[in-house]
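Each in structure tokens, the structures are laid out below.
Shared chain: subunit A. Partners: subunit B in the first complex, subunit C in the second.
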Partner chain A sequence: MLTYIARRVIALIPILIGVTMVAFLVSRGLPGDPARLYAGMQASELEVQAIRASLGLDKPLYYQYWVYMQGLVQGDLGFSPRTGFPVAEDIRNRLPATVEMVIFALIFALSVALPLGVWAAVRRGKLIDRFSRFISTLGVAVPDFWAALILVMIFFVFLDIAPPPVGRLDLGAVSPDGPTGFYIFDSLVRGQWATFRNALAHIILPMVALGFPAIAPITRLTRNATLSVLQSDYIAFGRASGLRGAPLYLKYVLRNSLPGAITMTGLISGYMIGGAVLIERVFSWPGVGLYAYNSLERTDHAGIQGVVLLSAITYLLVFLVVDLVQSIVDPRVRLK
Partner chain B sequence: MTPLLKVHGLEVEIEGLPILRGVDMEVRQGEILGVVGETGAGKSMTARSILDLLPSAATVSFRVCTFGGRDFIPAKERQQARGHRIGFVPQRPRGSLNPVFRVGTQLSDTLRRLRGMGRREAKGEALDLLRSVRITDPKRVYRSYPHELSGGMCQRVCIAIALAGEPELIIADEPTTGLDVTIQAEMLKLLGDVIIEHNAAGMLITHDLGVVADVCDRVAVMYAGRVVNLGSTDEIYRAALHPYANQLVSIATSLDSGGTPREIPGRVPNPGDELAACAFAPRCFRAETDCFEQEPPLVDINGQQAFCHHAITTEALPL
Partner chain C sequence: MTAKTGKRRLDSRLVVGLIMFGIMVAVAILAPWIARNDPLAIDFGTQFLAPSADHWFGTGRLGFDIFARVVYAARYDLVIAMSAVAFSIVIGHPIGLFVGYMGGRIDSLTMRGLDVIQSFPAFVLAVGVLAALGEGVLNLILVVGFVGIPTFVRLVRAEVRSLREHSYVEAGRAVGNSKWQILLRYIAPGTVGTVVTQAAISCGWAILLTAALGFIGLGVPLPEPEWGAMIADGVDEMVVGGRWWISVFPGMAIAFTIFSLSLIGESIADLVEPTRRKSR
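Our next item is the complex of A and B:
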């Protein structure tokens, strides 16, 4: 197991080098001159030149890449002139916000999608099956940011039962001084109940908005997998041996229907970590997506490269985790 | 003595097509009944009707169905009997065990469910059950996943699961399908022995009459959704009344003695085919016009029953 993981991680290195090249070239190809943006509209051409030189942008591309890679192997993702901090530090500060939201969104999506998928398959063609198809279609048709806006409108503007979309806590609230940066976890272990409740209230709408589109594919995959599992000899034998009801469906059926859902969940979580851009924008969620958005807007090369690289690493690690989980769920899957 | 299981006038239709057209059979206490017939005769359907395991498109009706003196016509009764009063041994044993759980987990889960045992007690009992189906290293098998075991080993585990609820009846549906030919006889012997050891009765469904001779006390021969001949194994082998059963036996015996069997002409009717009054008449060497026009009568000789106009009684034996 451990050697398998080590081998997989080593195999990631060439892929990641490729990713750095693409990220580097794409960020250079973006319109906008970072030196000009940084210097401001009033600055003279001479000042812009000076800034360009200080950022190293006057050097040839291959040399800039070389400098970037030299830093990268030492864990230095470059410096963001926009925020005034090293990119690694920026990301480290924002990643927990995004990851916390993604985890909640996944828990929400799975706890709806898995039972719904199994139930829809068991009662195929019945009302619950049609309801699951409706939810699936809705999930595909409704963009997450639009869902986010509608949720804010309904639950904050009209009903006024949700907190305003101002980030992870109320404005002016003090963040918990926990070890992980996950507010809900940190406030819980520190026993800061007011903060805990506040953080929980703030995460509900983003959780639903981000998780809702994920319900669709997971439900559909689970439903289809369950349909074929229900046809299987082992379920027929299980029934003949007196298995039925919840133990039959939630243990013996669901475990066999999981592989498709696991792969899909992996894909979705990879996408969410790099791609919750618009959701974070709507909820002013101080995460990686918002950072990416702002970096793009200001042609912040180092910031963009950092986020792309993070996103790539997340994807690759998620696939590794998916494979490990598959091998735990299904003993016939061998890790090679 | 009242029979353990009594089924009378069992009819099954699937999407308007008649599959079973009035099955009558009974299983007595402590006996093993063989149910034989060609594919499509309705053997498995009969078994599945008794356990209420038919596809939802099927409609089932019994004239009589009792089990241990209890009315088994309500579907709920039959569902509750699964595992508890009636154990089931499947065909294709490797596919019949859940691939993602250890064999031991599946067996102990069954024990905990059917007999309300605790975790530890169930494990001990599971190992005993594995031993009782002649598994020499029960601990290893207990820890194994189905794909790590041979087909024969999986079938032993399935038998252990069927025994877990201490059932009064074991129904085995073609239990040697999907097993190597070399172990089929051994598996049937085991099944027969285990049924006796656990004081149960058995219903063994097979298309192999040779198998029946070794294990079963009585035989029901099915054709096109009906039992056409029912009697003790000895009687059926010595002198089956129904021409169909008679020919099946002669095929089985000539195969055993290495001869070339004389095959039965024609083919088994499919559900929905137009049937003569006696469904076997078009293929029967003794058929006359009455076979096509009138329902065959029940013939009962020496405790052997057959539905036939021209049953092969000893006086009338042509050969």
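Our next item is the complex of A and C:
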């Protein structure tokens, strides 16, 4: 197991270097002069040149990359002139909001998709199977940011049972001062029930909007995996031995269709990191996605680059974790 | 096989999908005849009108006729998506053929390169590159196409690697065909099916990506109509003013188009790969 982990981590290193190179090149390709941005519009050409030299922008590209990497390994993602803070700090402050939303969206998607997929496979070709396939195709077709708006329209504008899309809590509400930055967890730990209810009410629509597109692929995968398990010999044996109903499906069928679902979940959570930019915009959710959006709006390159790099690294780490979990669920994976 | 036996009836999903997509293409081509109003006409006298007989989908903040804009936007979204997919294929297909056939160092090097590109969530990478290149329809096509290249390279490469081992390829080699003749005459045609299937799916995906980029303001520059940007236009209006129509209709157009493309993609996949059907 340890060798397997080590092998996977070592294989990740060249990819990580490649990722930083891409992020670096993209940041250097951005229009506008970073030195000018720092100096401000009133600065003279001489001042700008001084700043350019102090930022190392007059050095050759490979040297700049070296400096960039030196900063990066120390967690330095640059400085945002827009917020007046280092990008790494900006992102760290906003990360819990995004992670909390993604976790809820994943839980939502899985708790709908796994049972639906198994059920559709068991009742193959029947109404529920057709229904789940229709939902799957629809889920792919509907843009998640639009679905988010439709949810707001129905539940806030028309029915008025959802809170307004103003972020993680009502306007003016005090955020819980918990250890994690996850409002729902923190308020629960501190026993702040009003805040807990408020945070929960605010996360429901973003959760559904972000989780909805994920339901389709997970359902489909679970269904197909379950189908192939159902046709296997050991299930036939289980049936012959008198197993039926829930024990058979939960213990034997679901467990054996899990590996595929785990991979898919990893893929999906990676996708959600990107999707969060759009969903957070709709719900004014103060996470990394909204930070990226605001950086984009104000052409704050450091902010954009920070998010681009961070999301790639997160993506890679998620895949690493998925592979490791996979190798626990299915030890044969390690042999490859 | 369908033509030979004539017994298998046409897949209804394919028919429905083609009709739906055909309607959308027709809307794009016939836009000036379908929409009576000018999609770019700014008229403050007709601000924020709810849908009515004069303005089927209502009007927006600048008095734009939403119906006309949804119709004309089909031109932008379809052309951008289809050009982007064409770009992905033109670059990705030959690379996939080549590295899949050659194998060895060039193959593994290419794969590592793809790993790097695919380490970025597609949308985030598109945002980063597009922010670097600057707005504009051509850049949009290039970026959406670029992000789609790895899919085609991987797909074609996998196909080539399996075809390479077939006995008919062996036979082709035995009768004295050169390396390149084998690749182009014997192997390449076998990869067309998967590429066509993927093209339909990728096209829907490209429309989504284009709309998402438009939604955050990185799309077709205003005042030209584009579905994603139109949805963004209505966000605040819906939340504050309850004016739902500004965002709802462009989103329906996106869903309609992508739904048709995924119907087409799925049914072609079953046709090309008959074993898939058995699991249905």
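Here is the rule we use: the second predicted complex is superposed on the first by the 280 of 336 C-alpha atoms of A that agree within 3 Å, B and C clash if a C-alpha of one lies under 4 Å from a C-alpha of the other, contacts with A are read in each partner's own complex, and residues count from 1 in each chain.
FYI, a contact is a pair of C-beta atoms (placed from the backbone, for glycine too) under 8 Å apart; a residue touches a chain by one contact, two chains touch by 3 or more.
For clarity, every value in this text was computed on a predicted model and none was experimentally measured.
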Combined model on subunit A: subunit C and subunit B, fit or clash:
fit
Residue contacts on subunit A - larger count, subunit B or subunit C:
C
Contacts of A:237 with subunit B and subunit C, given as first, second, both or neither:
first
A:330 contacts which: subunit B (first), subunit C (second), both, neither?
first
With the two complexes overlaid on chain A, check the angle at subunit A between subunit B and subunit C, Cα centres, nearest 10°.
80
Quick one: classify A:150 as touching subunit B (first), subunit C (second), both or neither.
second
Between subunit B (first) and subunit C (second), which does A:281 come into contact with in this model arrangement: first, second, both, or neither?
second
Contacts for A:252 in the overlay, against subunit B (first) and subunit C (second): which applies, first, second, both or neither?
first
Quick one: classify A:293 as touching subunit B (first), subunit C (second), both or neither.
second
Quick one: classify A:226 as touching subunit B (first), subunit C (second), both or neither.
neither
For the superposed model, what is the least distance in angstrom between any CA atom of subunit B and any CA atom of subunit C?
15
In the complex, go through subunit A and note every residue touching subunit B.
232-244, 247, 252, 255-256, 329-332
Subunit B - residues contacting subunit A, complex
51, 53, 79, 82-84, 87-88, 90, 92, 95-101, 109-110, 113-114, 145, 147, 158, 161-162, 164-165
Subunit C partner contacts - residues on subunit A that touch it in the complex:
14-15, 18-19, 21-23, 26-27, 29-31, 125, 137-138, 140-143, 145-146, 149-150, 152-153, 156-157, 164-165, 224, 227-228, 270-271, 273-275, 277-278, 281-282, 292-293, 296-297, 299, 301, 304-305, 307-308, 311-312, 315-316
Taking the complex as given, what residues does subunit C use to touch subunit A?
112-113, 115-117, 119-125, 127-129, 131-134, 204, 208, 211-212, 215-218, 228, 231, 234-235, 238-239, 242, 244, 247-248, 251, 254-256, 258-259, 262-263, 266, 279-280
